[in-house]
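Structures follow.
Two complexes are shown next, each including chain A; its partner changes from chain B in the first to chain C in the second.
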Partner chain A sequence: MKPRLSIIALTIAALAAGAALLAWPRSTWPLLAVLGVLFGCLTLNHHKPLRFAIALALLLFFIPAAGTHNTFLFELVTTMGIFAAMSLGLNIVVGMAGLLDLGYAAFFAIGAYTWAIFGSGQASEFMSGSFPLPGWPFFYTFAALAVITGALTGTLIGLPALRLRGDYLAVVTLGLGEVVRVLANNLDHPINFTNGPQGITPIERPPIHWMLKPLEALGLKATPALAYSIFFYLLVLAVIGIVVLVNVRLDRSRFGRAWVAIREDEIAARSMGISLTHTKLQAFATGAAFSGVMGAIFAAKQLFVSPETFTLLQSITILAMVILGGMGSIRGALVGAMAVTLLNIEVLKSFSDFLIHLRQTGFVLNLGIASYNFANLSDQIEPAKYERMIFGLILVLMMIFRPSGLIPERRHRLELGEPKKGACQDTNGGACGPA
Partner chain B sequence: MALLDVQNLTKRFGGLIAVNDASFSVESGQIFSLIGPNGAGKTTLFNTLTGMYRPDGGRVLYRDRRLSGLSPERIARRGVARTFQNIRLFGAMTVFENILVGQHPHIRYNYFDAIFQTPRLKHAEKRAEARAHELLEYMGLSDRAFDLARNLPYGAQRRLEIARALALRPKLLLLDEPAAGMNPQETDELKQVIRRLRDDRSITVLLIEHHMSVVMEISDRVVVLDYGKKIAEGTPAEVRNIPAVIEAYLGKGALEKPQ
Partner chain C sequence: MPPALLLQLNQVQACYGHIHALKGVSLEVRAGEIVTLIGSNGAGKSTTLRCISGLLAPRSGEILWRGQAIHGLKPHEIVARGIGHSPEGRRIFPQLTVEENLDLGAYLERDRAIVAQRKGEVFELFPRLAERRKQDGGTLSGGEQQMLAIGRALMQNPALLLLDEPTLGLAPVLVEALFETLQALHRVGKTILLVEQNAWHALQIAQRAYVLQTGVITHSGSARDLANLDEIKRAYLGE
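Then we have the complex of A and B:
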């Protein structure tokens, strides 16, 4: 499609989808349409300012406006944002630097516990002082601190990466990731740091009374729950904005180049004067930092953390986002996070509901030659229960049909604007991005 | 003063002595060739010089400082660049980016410069980009600057590898069979390039090559290795008449008259 035509189509689609979402805030289809438009904003390669404006309009007007009628929208997009930050972080480690890390959820846990312990009464178990610390200003301080603790743990877990490669590294990071979870599970004695399997609750949230006035000015009398939904939605959006910016800038700096260089060929990279030690640890630390800050936000948003949240499955889910989106691709990581989260908490669930509805109403599908009565459908068949199987299927299909992901990595270093036309013509394997 | 002084260098792999007590010294401004039959230990010698392998004996001095025992990245930072026998480009990166990676040690800014896009970063990146363009021009790769390295034709990949090595601003450049797989015309161009490197940029070149035309035409000095041992050293004209060399290449009895 011609660039102008496709951007016009995208604009119209955005308005239509946005309007539909406002009209039916509880329905799945308008939501899918809106996310589809966001996906389009990420995929197209031209009209950057306009695409950005469309995405902002959807994220800052249509979704929040519809969200006031259906807080689930905030919940969904906030979760997407949290996962997006993590998939962006993991994308640095796995996608760019090529270091397979299966313990990534550990950094999320570190970030979450950083605030959970001090933002609740938990800290008074092992130190004196008055806890919980108040949300203002300590939530923000600890969110910043979570960046640092995340980065430090990242460095620590990155240390074996200096000696190991490929599968071996994956096994060790998997183990270390589990170590963090098991520590969280067992550090309730002899000194109670983490409160063990019961988890920590309630966790302080930052005060948001400053937000109520502007909301009222917009004609919205928000309950505290709704106001917090909006607050975390905006907070996560802002953090995602920062994370994307940092990602893009690092990607285009000598650090990003060094990451990709060691992924492509360690030996050649070393003989270009690139230190493996520094480069790998930087990748681990940077990736972990993003996860750390989202951990702290997650703790405050959920009011509750427990070791159960930070399982191997969580790490794998984030890895699936990176692979689905396209290894090494920033836009891919965002799309992957959106798609997987959506599948996880919206599509499969509503498909299950749909099947249950069909079963209960005894719908008969009549195709002429064959007919099927949905009342006979076994109640074992419930897509939400099979999410792992469906993920596995998706990943296998991706590996077969589109191994470089939905939005493949596109290396570019252009100080003279776009590459000349035709520069990508003889590319193999879609490395130039979707045409 | 010798730029590179290799003294009694030995490298073993188990029972195999890949480089056996090799000594030679490369003067600044020379084009110095290393030849020998397959498996003579030439590439192993290169790998030992550049820190990929630790030597089991002997030492290497570069500008009178010890090189042996340093890591590859440290050696690269000292100004010793190399290319590889089996081309090792960063395939998923563009040609232009490959050159930028080559300049890595010379691009100086820290992490926070990168996050906040400070003037220091902009300045450094601009300079690196200008230099990358200059190098691509020099190696005749300008029109492929934004292609992925893996999509280049073979000859261009070889040239890109040299360009990337040059980005490191080396004093000493180690070329491992740069003419391998090149057609005669490309080989001629390569000879010109190597001469120009020495003449325009005063880079000393240490060369492994099987194309005898390249070795004989452009080398100032040649060392012949066989089974890891140095069996001859001299100017190309001298070396080609040494019986041991002919024997190593063509086999025992090659010099005897046919019966």
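Then we have the complex of A and C:
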């Protein structure tokens, strides 16, 4: 499609989807349409200001307006945002620097526990002072602190990366990631740091009474629950905005170039004067920092953290977002996070509900030569239970048909269908030397 | 008075696992010279360069740069001291554009104005690279990739340029052009340590030469003298 045509189509689709979402805030299709338009905003390559405006209109007007009738919208988009920050962080480590990290959920855990321990009564188990710390100003302080604890843990887990490569590094990071979870699980004795498998709850949230007045002015019945939904939604959007900005800046900086250089060719990178030690640790620390801050926000949003949230499966899910979106690509990481989150918490569940509905109503599918009564459908068939299987299938299909991801990084596009020319011999007689 | 001594290797030994690749190599490079290291495959030429640039740690012996020991330093520390290495096999970044490749060459230079100026100089030396600045490195021809590899090393503005087999895989006409470029660099005062299989050409443009055979320097002296030695002619010049 021509650039102009596609942007007009996108604008119309955005308005239609937005209006539909306002009209039917609880049904799935308008939501999918809105998310589809956001996808479009991320995938198209031209009319940047207009695409940005469309995305902003959806995120700051249509979704919040519909969300006041259906807080699930806030929940969904907030979760997407939290995962988007993590996939952007992991994208730096895996996508840009080419270091396969299978323990990424550990940094999320560190960030979450950073606030959970001090934002609840937990800290009084091992130190004196009055806990929980009040949400203002300490939540923000600890969210900032989580950036640092995340980065520090990232550096620690990155240390083995200095000597290991590829699969070996993946195995070690997998192990270290599990160490963090196991520590969270077992540090309830001899001194109770983490409260073990029971987890920590309740966790303080930042006060939001300042939001109630403006919400009432907008004609909303501002219950605290709704206000918190909106608050975390906006907070995550703001943090994502910052994270994307930092990523774009890093991508174009000498750090970004150094990361890509060590991914492409370590020996050449060293010959350029790039220190492998510093560059790899920087990648690990930067990637972990984004995860850390989102961990702290996650803890406050959920009011509860436990080691179960930070399993290997979580790390793999984030990795799948990066791979699905396109390794090394910032827009890809965002799209991947949206797609996987949507798949996990909305699409499969809706499909299950749909099948259950067909079974209960005894719907008969008539294909002329054969017919099938859905009342006979086994109640074992429930897509939500096969989430991982379907998910795996999608990944396999992706690897076959679009191995560089939904939005491949510019630097990776070359690989698609073209032979590697890096080592070609000169045959075309291009002139060399001073002309 | 001879020009200042830049680089000095004293009895450098190096191993890859059990393979004793260098068995005590000594050589020196003075400012403004083109020195060539010739020898057959597996003689240890690339290993010598890798030891100098820190990609391989020598097992014993010493490497002095302007009188100070640099063996045992990390490659990036050695680059920072002014030794640029264009490694064997060109090793450009095929997924990065020509310009990004050059920018990476100047990784240690934070002053953008200086980077831009050096880039201008490289483009002057290799106009073909200027034409293709936005193109991915991997799409260049072999000759252009070699220009890029040398240009990238020059972006460091090194006091000494280590070139490893720059003519490998190039068509004869390109080999001629490349050696002309090296002479042009010599005329503007660059110091080059050149590792070459193409011994005849290398001896034409170098002032001094070393012959390396299975990890040992067998001959050294002025390039002209070596080119006239019968054994050298037989072994390396195909006469």
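Here is the rule we go by: the second predicted complex is superposed on the first by the 410 of 435 C-alpha atoms of A that agree within 3 Å, B and C clash if a C-alpha of one lies under 4 Å from a C-alpha of the other, contacts with A are read in each partner's own complex, and residues count from 1 in each chain.
The criterion applied here is as follows: contacts are C-beta pairs under 8 Å (C-beta built on N, C-alpha and C of every residue); 3 or more make two chains touch, one makes a residue touch a chain.
No experiment lies behind these values; they were computed from the predicted model shown.
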Which of chain B and chain C A:Ser271 touches, first, second, both or neither: both
Partner chain in contact with A:Ala261 - chain B first, chain C second, else both or neither: both
Which of chain B and chain C A:Val246 touches, first, second, both or neither: first
Partner chain in contact with A:Ala97 - chain B first, chain C second, else both or neither: neither
Which superposed partner A:Gln282 touches (first chain B, second chain C, both, neither): first
Partner chain(s) touched by A:Ala84 [first = chain B, second = chain C, both, neither]: neither
Residues on chain A lying within both footprints (that of chain B and that of chain C): 254, 257-258, 260-261, 264-265, 267-275, 411-412, 414-415, 420, 423-424, 426-428, 431
Chain B residues touching chain A - in the complex, by the definition given at the top: 50, 52, 71-73, 75-77, 81-82, 84, 88-94, 96-97, 100-102, 104-105, 107, 109, 111, 113-115, 117, 121, 125-126, 129, 146-148, 151, 164, 167-168
Complex interface listing, chain A residues touching chain C: 254, 257-258, 260-261, 264-265, 267-275, 277, 411-412, 414-415, 420-435
Contact footprint of chain B on chain A as seen in their complex: 246, 249-250, 253-255, 257-258, 260-261, 263-265, 267-276, 282, 328, 409, 411-415, 419-420, 423-424, 426-428, 431
Contacting residues of chain C [partner chain A, same complex]: 53-55, 74-76, 79-80, 84-87, 89, 91-96, 100, 103-105, 107-108, 110, 125-128, 136-147, 152-153, 156, 169-171, 173-174, 176-178, 180-181, 184
